[in-house]
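Common to both upcoming complexes is chain A, partnered first by chain B, then by chain C.
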Partner chain A sequence: MNIATLFKLVPDLVEELEIDAGGTSLDMTWLRLIISEFDDHAIEQAILLKERSAAQVTVIAPGVEGVDEVLFTAAAKGADRLIKLIGDFEAGVNNHSLARAIVTFLKDLQPDLILTGVQAHNDLDGSLGPLVAGFLGIPYVGYVSGVTLSNGKVIAQKEYPGGLIARIEVDLPAVLGIQAAEKPPRYVAVSKVRQAMQTAIIEEHKVGSLDPTGGIPVERMFKPEAGTRAMIIEGDEREIASRLIEIFKEVGVL
Partner chain B sequence: MPAASISDRLFYAKVISVTPHGERLDLCLQCGMCSGICPYGFGMDFPPHALIAELRANEVDPILESDRIWLCMSCFACTSVCPAQIPLTTGLLATVKTEMILKGKVPTELQTALENTLRYGNSLGKSPRKRAEWSQDLPSKVPILAETKEPVEILWFVGDYASYHPRIQPVSRAMAKILQALGVHFAILGPEESSDGDVQCLAGERGLFEMLAQKNGKAFGKYQFKEIITTDPHAYNVIKNEYPKLGFSYPIKHYTQFLTERLDQIRPLMRKPLMYRMAYHDPCCIGRANNNNVYEEPRQILKSIPGAELIEMPHNRSNSICCGGGGGGNWLDGFVWERTHARITEWRVREAIAAGAEVLAVACPYEPPRFEDAAKMVQGDGKLVVKDIAELLAEAMES
Partner chain C sequence: MNKDIYVLIEHLQGRVADISYIMLAAARTLVQDTGGEIVGILLGYDVQNLASNLAADRVVYVDHPALAEFTSDGYQYVLADLIAENKPRAVLFGNTSIGHDVANILSSRLELPMVSSCQTILSGGKFVSQICGGKIMAETSPPGMTTLVTMIPGGFKPEEGQSETAPNIITYTPPALDDLRVSVKGYVEPEPGDVDITKEPILIAVGRGIQNQDNIELAEELAKAIGGVVCASRPVVDQGWLPISRLVGKSGNKVKPKLYLALGISGAPEHVEGMVDSNTIIAINSDATAPIFDIAKYGAVIDMLDLIEVLTEQIQAAKG
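Our next item is the complex of A and B:
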C-alpha cells in the first residue's frame, strides 16, 4: 500500500501579520511558516496506517523556507520518502497552482491513498484535497477522523455536524481530507530529528511554471476594521419594540 | 524465570554509563529513603528505589509502559537523602525520562511545552522577537547587548517566564529598577536569549537541551561581561552545572547572592518599611539541587528589609517542599491531579499559612503563579500574598 501525504506550510500566527506595500498579500519580512495543523494530523494518520499494515509513506510539500526541517521531522516519525517540489513557491501560491504542481509528481508515484489536511487557514480558493482529487479524477472524502484499510479499499470515518459519524467505504485510489488523526500528532525527540537530518534524503522534484487558473484574485487584503459600536436598547418590551421599529424604518428595511 | 545476568542488564548499564558518578547505582542497598521522601512517590508505579530494583532485574518494559514517572518534579529530594549519594535526579530519573521521550511517550501538555521551546525558544510559545518587551516602557531603558554591543559588568540572564509571563514581568521590572538604583553596569540578551534548558534537560529532552545550550553559549560568546546573574534558579542550576560540560563555562550567581554582596548599598535605599510577617520558600534549584546550597543569602536580604519579620516553615533549606514546577511539572498539573488528587503546591501553601505567614517570599519565576493559584484553592479568598524578593525590595525602595 502506497500512501502519499501532502502538506503545506502556512503563516505562523504567533508572529503578528502585516499587509505588504501592495495591499493584497501578507508582508513576508517577519513571517514565519509552520506546517498547517490539519496537515500535521494527515502525516500522523499516514504513520499510524503504516504501523498497522505494510504501507510505504511518501510526504510531499512545496519547497519554501523551513520545509526541510518539517520533512526531516516526518522522516523521524517514520515517513519513507521525502519529496520537495521545486518551483516558484516562495511568494505564495494558491491551491489551484499547488494542486496542479503536486499532480505532476503523483502521476509518477501512483499512490493508492492520498492524505492531506481537510483545510488550511490560508485557503482562499478551496482546499487542496478536492482540487487534487479533481485533477486526478479520483474520489475525495473530507472531514475524516479515522481511516481503516479493508480489502484493498478504505473505510473513512467522516464527521458531520450534530455528532453524526458516517463510515464510508471508498474505492482506491482516493484522496482523504483529514480533520483529525486517530491520535494527536506524536512527539519526536530533537535527537531523532537530528539523526534524520544525517540519514534521510530529501528528493527534489522540479515542477514547471505554476498555473493559478481557477483561483480568486485578491483586490485588497486588510485587517478587520472596527465598525460603529453596538447600541444597547433599554426599556421594557414595548419601549424596545417601538425603538426597534423606528430603527428599522431609519435604515430602510421597513 | 532465570535470574537476569549482569550482561543482560543493558539499560541499567546504560544509565550508569551516561551519568557522572553513575557507578554509585551499584551501591544502592534498597533502603527506600528516596522513595520515602519523594513527594509523589506514593503515586508512582516505580519510585526511585523500585526503579533501581526493576532495572537490576532487567524489567525495562514495565517501566516504559507506566507514565507515572512524569510525577517526578526533579526536586532533588531523593538525591539529597540518598546515603550512597547516587545521582538519582540527574542520572537515573532523567535517563529513564529520556528513554520515554525517545519513544514519544510524553504527556500532551509537556509535549506542547517542549515543541514550543524548540520552535520559539521559550516554553510559552511566544514570539522570540518579543522577549524583551517587558523592558520597553521602563523609565530607564534596559540595555540589550545586540543593540549596545558594549562590554558590561553583568549579563542578566532573564529566562522564559520572567520575560513573557504577565505575573512575572513585574518581577523583572522590579529587578531592573534595583539594578539601576545600584548603578550596576548590566545588559540582557533580549531576543538572542533562548530558554536555559534546565527543565527540558531534567525532563529527558537531551537533544533539545543541547540545542538550547549551544544557542545560548554562542550568544554569550559574542559579548564581553564579567559574570552572569539570573533571577531564575533553573537557569542558575543548568548554567552552573550543565553548560560547562558542553564547553560553556561562565561565572554565574543567583540574584540573591549578587544583591547580598551589595546589602550595605541597598539598606539606605529602603525608606519604606514593610510590616509583613514573611516565610521564605527555598527553591529546589538554587538549594539542594546539585548542592548549590544558596539558603542564607535570600534570608539575609529579607531580614534587612525594615519592618519585616522573617519566620521559618517546618520544611526549609535542604528539605524545602518543591513548588511542583520542575522537571516538566509546570505543565503537568492536570496530569498529576488525575493520578494523585494531591497538589504539592497546596501542601506548601498550607504549611506557610499554618506557620503564620502573611507573605510567602519566593525567588523563582515559576512560583508566584503556582502559589497564588494554590492559595486560592486552599483559602478560598487568597489571603496569603506571594511576592518575589525583588518585588519586596523594590517596594521597600519606593520613595
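Our next item is the complex of A and C:
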C-alpha cells in the first residue's frame, strides 16, 4: 500500500491577521504559518494505517518558508518519503494551482490512497483533496474520521451532521478528505524532529509554471464589520464574574 | 451560458437540509438583478415529495436507485451532465459533507471556476466568502462562465427559501450509473449520549482555550454549579476529552439553549453554525479579535482559565 499525504501551510489564527495595502490579500510579511489542522490529522491517519498494514507513506507539500520543519516532523512521526514541491509558491497560490502542481508528482508516484485535510481555513477556490481527485479522475470522499483497508478497497467513515456516520466503500486509487484521524495527532519531541533532520531526506520536485485557472481573483478583502459586537464586560476576573452573575439572573438561569 | 441559478437540494434520511433553503434564498438575490430562474436539483430515489416546499421556479428531479444514498460519484456524474447540457450561470452547493464533496471535484473535472465558503451574495451578484475561521471576508465577482459556489449559513434565513406553492417538477433521465466507485455500506447512528445537549437550557461550552483534559473538570464544576451541561467545539472532541455526543457545530449538534456560555471558543463558522440561534450567548476569550464576539450578546476578554473557578465560586455563593 502506497499512501500519499498532502498538506499546506496556513496562517496561524492565533496571530493578528492584517490585509495588505492592495486590499485584496492578507499581509504575509509577519504572518506565522502552521500546518493546516485537518492536514495534520491526515498525516496522523496515514501513520496509523502504516502501523496497521505496513504501508509506505509519502508526505508532499509546496516549498514555502517553514515547510522543512513540518516535513521533518512528519518523518519523526513515521513518514517514509518527504517531497517538497519547488515552484513559485512564496507569493501565495490558489488551490487549483497547488492541486495541478501536486498532480504532476502524483502521476509519477501512483499512490493507492491519497489523504489530505478535508479543507483548510483559507480555502477560497475549493479544497485541495477533491480538486486533486477531479484532476486525476479518481474518486473522492470527504469529512472522513476513520479509514479501514479491506480487500484492495477502503472503508471510510464519513461524518454527517448530528453525529451520523456513513460507512462508505471506495475503490482505489482514491482521495480521502480527513476531518479527524482516529486518534489525535501524536506529539513528537523536539529531539526526535532534530534526529529526523539528521537522517531524513527532503526530495525536491520541480513543478514548472503554475496554472491558477479555476480560482477567481479577490476584488476586496476585509475584516467582518464590528457593528454587532458583544457588550464587553471590563474588569478583573472577580468583577467579570460578578457582572456575569447579574446577567445570569437577568436571563433567568440563576 | 444561460441566466439560471442551479441549487443542489441536499437531503439525508428523508429530510431536506436547512442549507438547501438558505441557498434558494441566496439564489433569489442572484436572479433579482439579471433575471433567470432558480432551479432546484433534486437527486434521489422515490423522494420527489421533498420538492414540495422548495422556493424554486422549477425543480429538476433525477430518480434512480443508485441515487438512493448520497455518493460523490453518483452525484457528480449526474451534475456533470446537467451542467454541461444547460450551462447555468452558477451552481450553489452547501459547504457540507454532501455539497463540498461534489462541488470541488466538479470544478477540477469540468475546469469550472469555484468560490468556497460564500456566506452572502450582494446585489450585482458578488460573492462574499467568510474565511480564516471567520476573521476575514473576501469578495469575488462571477467570472462570466458557470461558477460553482459552496455556501455556508449566516447570510440568508431558511424560511426565505421555503414556499407554500409546490414548484414545477421536471424529471431528468440520468446517465448510466451502474459503475460507481463509491458505495454506501450502511450508517452508524450516534450512540445515545449520557445527556442530549439539544434539550438542555444551559450549556457551558469549551473550546481550545481549555488547554488540556484535566481542565474539563473545571467546566464540569461550573456546569454543576449553575445547573447546566458541558459541551464543546471540535478540537476538544477530536482530542478525545469529551464524547462526540457533546459536539456543537456543523458535524455535531445544533443547539438553542437559553444560555450558551462559550469558554475559550474562537467562533469558527463550523462551530457558530451549531449555536448561533441560542437565546443568550456569552463569550469568554483571551483574543479580543475572536469572531465569537461578533455573535455574542455579552463578552469578556480574559483567559477562561483565569475566570472559571472564580465564576463557579460566585455562582455557588449566589445560590447559597
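Definition applied: the second predicted complex is superposed on the first by the 225 of 254 C-alpha atoms of A that agree within 3 Å, B and C clash if a C-alpha of one lies under 4 Å from a C-alpha of the other, contacts with A are read in each partner's own complex, and residues count from 1 in each chain.
In this text, a residue touches a chain if its C-beta (ideal position, glycine included) is under 8 Å from a C-beta of that chain, and two chains touch if they have at least 3 such contacts.
It should be emphasised that the depicted structure is a prediction, and the values quoted were computed from it without experimental measurement.
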item	value
When both partners are placed on the shared chain, which of chain B and chain C touches more of chain A	C
Touching partner for A:30 - first (chain B), second (chain C), both, neither	first
Chain B versus chain C as contact partner of A:151, first or second or both or neither	neither
Touched partner set for A:123, first chain B, second chain C, both or neither	second
Chain B versus chain C as contact partner of A:110, first or second or both or neither	neither
Partner chain in contact with A:14 - chain B first, chain C second, else both or neither	both
Which superposed partner A:198 touches (first chain B, second chain C, both, neither)	neither
Contacts of A:186 with chain B and chain C, given as first, second, both or neither	first
Which of chain B and chain C A:230 touches, first, second, both or neither	second
Overlap of the chain B and chain C footprints on chain A, listed as residue numbers	14, 16, 184
Complex contacts: residues of chain A adjacent to chain C	11, 13-14, 16-17, 19, 26, 37, 41, 96, 99, 118-119, 121-127, 129-135, 137-143, 155, 157-171, 174, 177, 179-180, 183-184, 213-224, 226, 228-234, 237-238, 240-242, 244-245, 247-249, 251-254
Complex interface listing, chain C residues touching chain A	12-13, 17, 69-73, 96-97, 100-101, 103-109, 111-117, 126, 129-143, 147-148, 150, 181-190, 201-202, 226-228, 234-235, 238-240, 244-245, 247, 250-254, 258-259, 266, 268, 279-284, 287, 289, 291, 293-302, 306-307, 310-311, 313-315, 318-319
In the complex, chain A residues that touch chain B	14-16, 30, 34, 184, 186-194
Partner chain A, residues of chain B touching it in the complex	101-102, 104, 106, 108, 111, 114-115, 118-120, 125-127, 129, 205-208, 211
